[in-house]
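To start, the structure itself, in structure tokens.
Every chain is named by a letter (A, B, C and D) in the order it is written, and numbering of its residues begins at 1.
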């Protein structure tokens, strides 16, 4: 554990506690962490885009040969995205800002065009085909009762649920009478679906905090008890701030007086 | 419909305690009964003799660290407790290399193993297929430098196992993405060494078909499997504590929901009673 | 002149939209190649556009520092951390070629230099903060469940019951509540993990399938409005 | 001659033939063409189970349809004999009668119940009898790949030997397969030994210019696009009815409340880039919301996750202020970029929410795990929150933390609902008609399923004969194009 890693763990533990302090209330520590995080994440994204897209796909194809051992010829067709990219940057110059619409149209048109085929295929057809009862029942027809009956019940229930939920999404028809009742069943099915989905993700979310707690309790403690020291400092500061707040007659949970009023803008 | 600050504070403190206490004071009230696919990985490593070499592929990144990092620690502790030599590599993305370096050094120090002689972490290299094929043939040529920037030319562990084919007895691929299929197709099958895998709970179903078809001889899915592995190795660590926390927090949550409903029903009754009896 | 400002973008969107739609149906090598080339072109244009983003955020905070607006100290933190990390990844001097004995400490380079300053900042600043903000969800999922799972209406009751059942069915402590029902008996489906499995496989899958069918139609309708220039708000205009 | 003796005689003759075959096999090996591949020579005595295996009929080879001209496909009718552990395999050679070797790349042998033509609609049309036809796809480019692979490995070994001064032998050369005349033979194999059927198969792959397996996708897509354009035209003349969507009626209420309290509103377009259609829908809706904000002389802040989405939002809001007749009130600083990293974006937005205490929050577009972080913090600051997303998993989190939630398609109907523009309402009517068609197809599928169930009870092999096949074909028409 050389000094390089030791400082690293202390910084990581400190920033972890700073960001967790948001659970108590918004405080200067969280704000510091927030702005630090913004600066670093933007720098990381610029490196990531350069290292994984601009350098290999654009520079590597048009200007410089990145793998000297391989035969290489410049592919000038890749200048087109470069020019369109620069046109997009024309937005910063108000006089020719309208030029950027060409690049916008290119991207939005591409997005719309590429989505129709796969959407029909996997959003519509795949869901429709797997709702037909025979698809799930076909292979099970000959099976013994114990296996066949649950499959039959599930296949029919699946069909009814999809049917009613789809009826709920009708827009241009008044939800009254038969359609209204089917739509109501559809809402019930959606509620069960959302409840089940909510319940199934609790495990994943809790394991995230378990991961952080493990880092604090194991890795940070091993690096000179970083966790316990920083935690006590944090609690002390919170207590002192609470006392000052009480003396000024406002509850600790309110933010301090407008020493830093929200920036107008 | 608002949550009063006091309720919110009590809620958060209880959850924080529910997670921290099992980590600080480990206990095992609720055993994690091992499932066959996890036992398969354990038995393969358990049947190896000391002096054999295995490779651990750290193919995940910080976003799946909570589930796969404890699994990595458990497998490493098991391997070192049996005096196996361990090679490490990360072929998923550069962000995963850091986790591998920390795990290898932490568990290495725990067992007094020397970096370079008993274990080596080779770091990240892009273009997975070429790297796996190259390592099957000659590790030193593919990784001239390990993750710590030291040349692999003079390393005893590299001299002892110059290549994966015929060099290692087992491969464990802890995968957060699509790295199991290339490892099977270009590493384990042509190289002739058996392979096991670990994955997040979410992608357990996708990799189960590899286990059923026998391409991998064992599969560990999520934190629960890591806890089972720790149970088998009798070295209770982060995963078992994690599962205890999960149990506590889930039950806490159910209690809160019932409590919330109880208070809600009471407030509804209180509203109706004064109007009803008009005392 | 208005052709260049108004009609030409619509024509570009139309041509791109129809071309990418047609490629989907042509399996030949040339069309696959064209599809992949267009994908990487869009990625390159989006990468260039990031300059607009950096210009926007740095612009805001430099202005906040310049005008000494309240909270400008934090803007200093943002600007300095951005500059520090950007300097860290630009390879100022030639990196030592691979395998050469490591003489001096080489701090520059992005994540590929695992012992560089950039990697240090990534692993000790960005990753912990990312994991911590993500982990706050464990607290918010509790307060959201506590506040909103109240049996106000029959629908809310159904939402609450489904969530509780699935939660209990996922944890060893929970499933031990119905552990006494033997897995082989006819009542095996009453075991919590089987109920959870059923809830996720039938109502949950069916509910989302209905939504996805609706979303599919919505996506196609919106794409058509874009390609045929019926909905042009994305291009703004005015002049 | 009783069957038993006939069989034994047959096996005797076959064994003799196999014996005769052996020297030839060996000879071929010595000649050993320059192919770097020392294939596993089939052991001399083929086991009885392979000899007894009845050769399948109708073994044909042709170009693989709907592909880019790199693969051929061998199809054959299932053989009546069904022993276990016997699998089909394919051998190749570079001359019509040359030595037949296993394929150089890892070609998984096919078991007797695998690779049925009826199950792969990407290359075969759906027929019931296709249930007892097998297929094997051979991609000719993998010959060159495996040759390159062999060459690389050989070079590594060669350079290794040179580096250590060992005798390295001749320098390996990249073997060129002549893809025009490759000949194949179908065979059966069990634990290492193989028997090839003596039918020589050869075909030239052809590049298709239309993927017929996607024909159903094309028809449905074009018909639906036609209906949308038609409805948009007719919508100009007569007005349309749209059912009440609670979330969208609340938008006016939320804007009004924000103006009274003199506090800003936050509008988020989601975390997907501009190429995702739900982000396009979110920016369209921003245009209509911004026009109302301009009329109310209130302020809407739009923190963006993607720079292109930011530019589009700036254009949209400027256009809205222009149409509302107040171009001067437009302030581009209200629409700004934060970062493209998920959690620093959320931390920054949460910080702004707590400090500026907006009166209303709008979350439209596609969201990931951070939906609850935004919703919960917004809820704790007491803002009215309206969310609309098509990312299924995040809808429950918005339901527990927001006042109104638009589910899935309601987000796409939002801009039409609020603007009431006839051309947008037309496309809503079109998607309703498409939903009606889907419901009819589902009902037909239900009826067919019930009929097939009773048919299968009567005749498990061919439920309802030809009609049954037509019903199954109807359902397969709605099957997605795999791969």
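List of remarks:
Assume a contact is a pair of C-beta atoms (placed from the backbone, for glycine too) under 8 Å apart; a residue touches a chain by one contact, two chains touch by 3 or more.
If you're wondering where the values come from, they're calculated on a predicted model, not measured in any experiment.
Note on interfaces A-B and A-C: more C-beta pairs are in contact across A-C. For the pair chain A and chain B, the distance between C-alpha centroids works out to 22 Å. Rounded to whole angstrom, the centroid-to-centroid distance between chain A and chain C, based on C-alpha atoms, equals 4 Å. Work out the mean CA point of chain B and of chain D, and you get 30 Å between them.
Remark: chain C and chain D have CA centroids separated by 20 Å (rounded to whole angstrom).
Multi-chain contact residues of chain A (touching two or more other chains): 19, 22-23, 31, 33-34, 37-38, 40-42, 44-45, 88, 91, 101, 104, 107-108, 110-112, 114-117, 120, 124, 128, 131, 162, 166, 169, 190, 194-195, 197-198, 201-203, 206, 208-209, 211-212, 265.
Counting partners per residue, chain C has 21, 24-25, 42, 46, 49-54, 57, 60, 110-112, 122-123, 126-127, 129-131, 133-134, 136-139, 141, 143, 145, 147-149, 159-160, 163-164, 167, 170-171, 208, 211-215, 217, 219-220, 222-224, 226, 234-236 as the residues that reach two or more other chains. Taken residue by residue, chain D touches two or more other chains at 214, 217, 221, 224-225, 274-275, 277, 280, 308, 311-312, 314-315, 333, 338-341, 343-344, 347, 379, 392, 395-397, 399-400, 407-409, 413, 428, 431, 435, 438, whereas all remaining positions touch fewer. If you draw each protein chain as a dot and join the dots that touch, every dot ends up joined to every other dot. Those residues of chain B that touch chain A in the shared complex are 5, 12, 15, 19-20, 23-24, 65-67, 69-70, 102, 105-106, 109, 201-202, 223, 238, 241-242, 245-246, 249-250, 253. The touching residues of chain B, counted against chain C in their complex, run 1-3, 7-8, 11-12, 15-16, 19, 30, 32, 62-63, 65-66, 94-95, 97-98, 101, 123-124, 144-145, 147-151, 153, 224, 243, 246-254, 256-257, 259-261, 264-265. Within the complex, the chain C residues that touch chain D are 21, 24-29, 32, 42, 46, 49-54, 56-57, 60, 126, 129-130, 133-134, 136-137, 140-141, 143-145, 147-149, 159, 208, 211-215, 217-226, 228, 230-231, 233-238.
Taken together, the chain A residues at the contact with chain B in this complex read 1, 23, 202-204, 206-214, 217-219, 222, 253.
Looking at the complex, you find that chain A touches chain D at residues 19, 22, 25-26, 30-31, 33-34, 37-38, 40-42, 44-45, 88, 91, 100-101, 104, 107-108, 110-112, 114-117, 120-122, 124-126, 128-129, 131-135, 137-138, 141-142, 155, 159, 162-163, 166-167, 169-175, 190, 194-195, 197-198, 201, 255, 262, 265.
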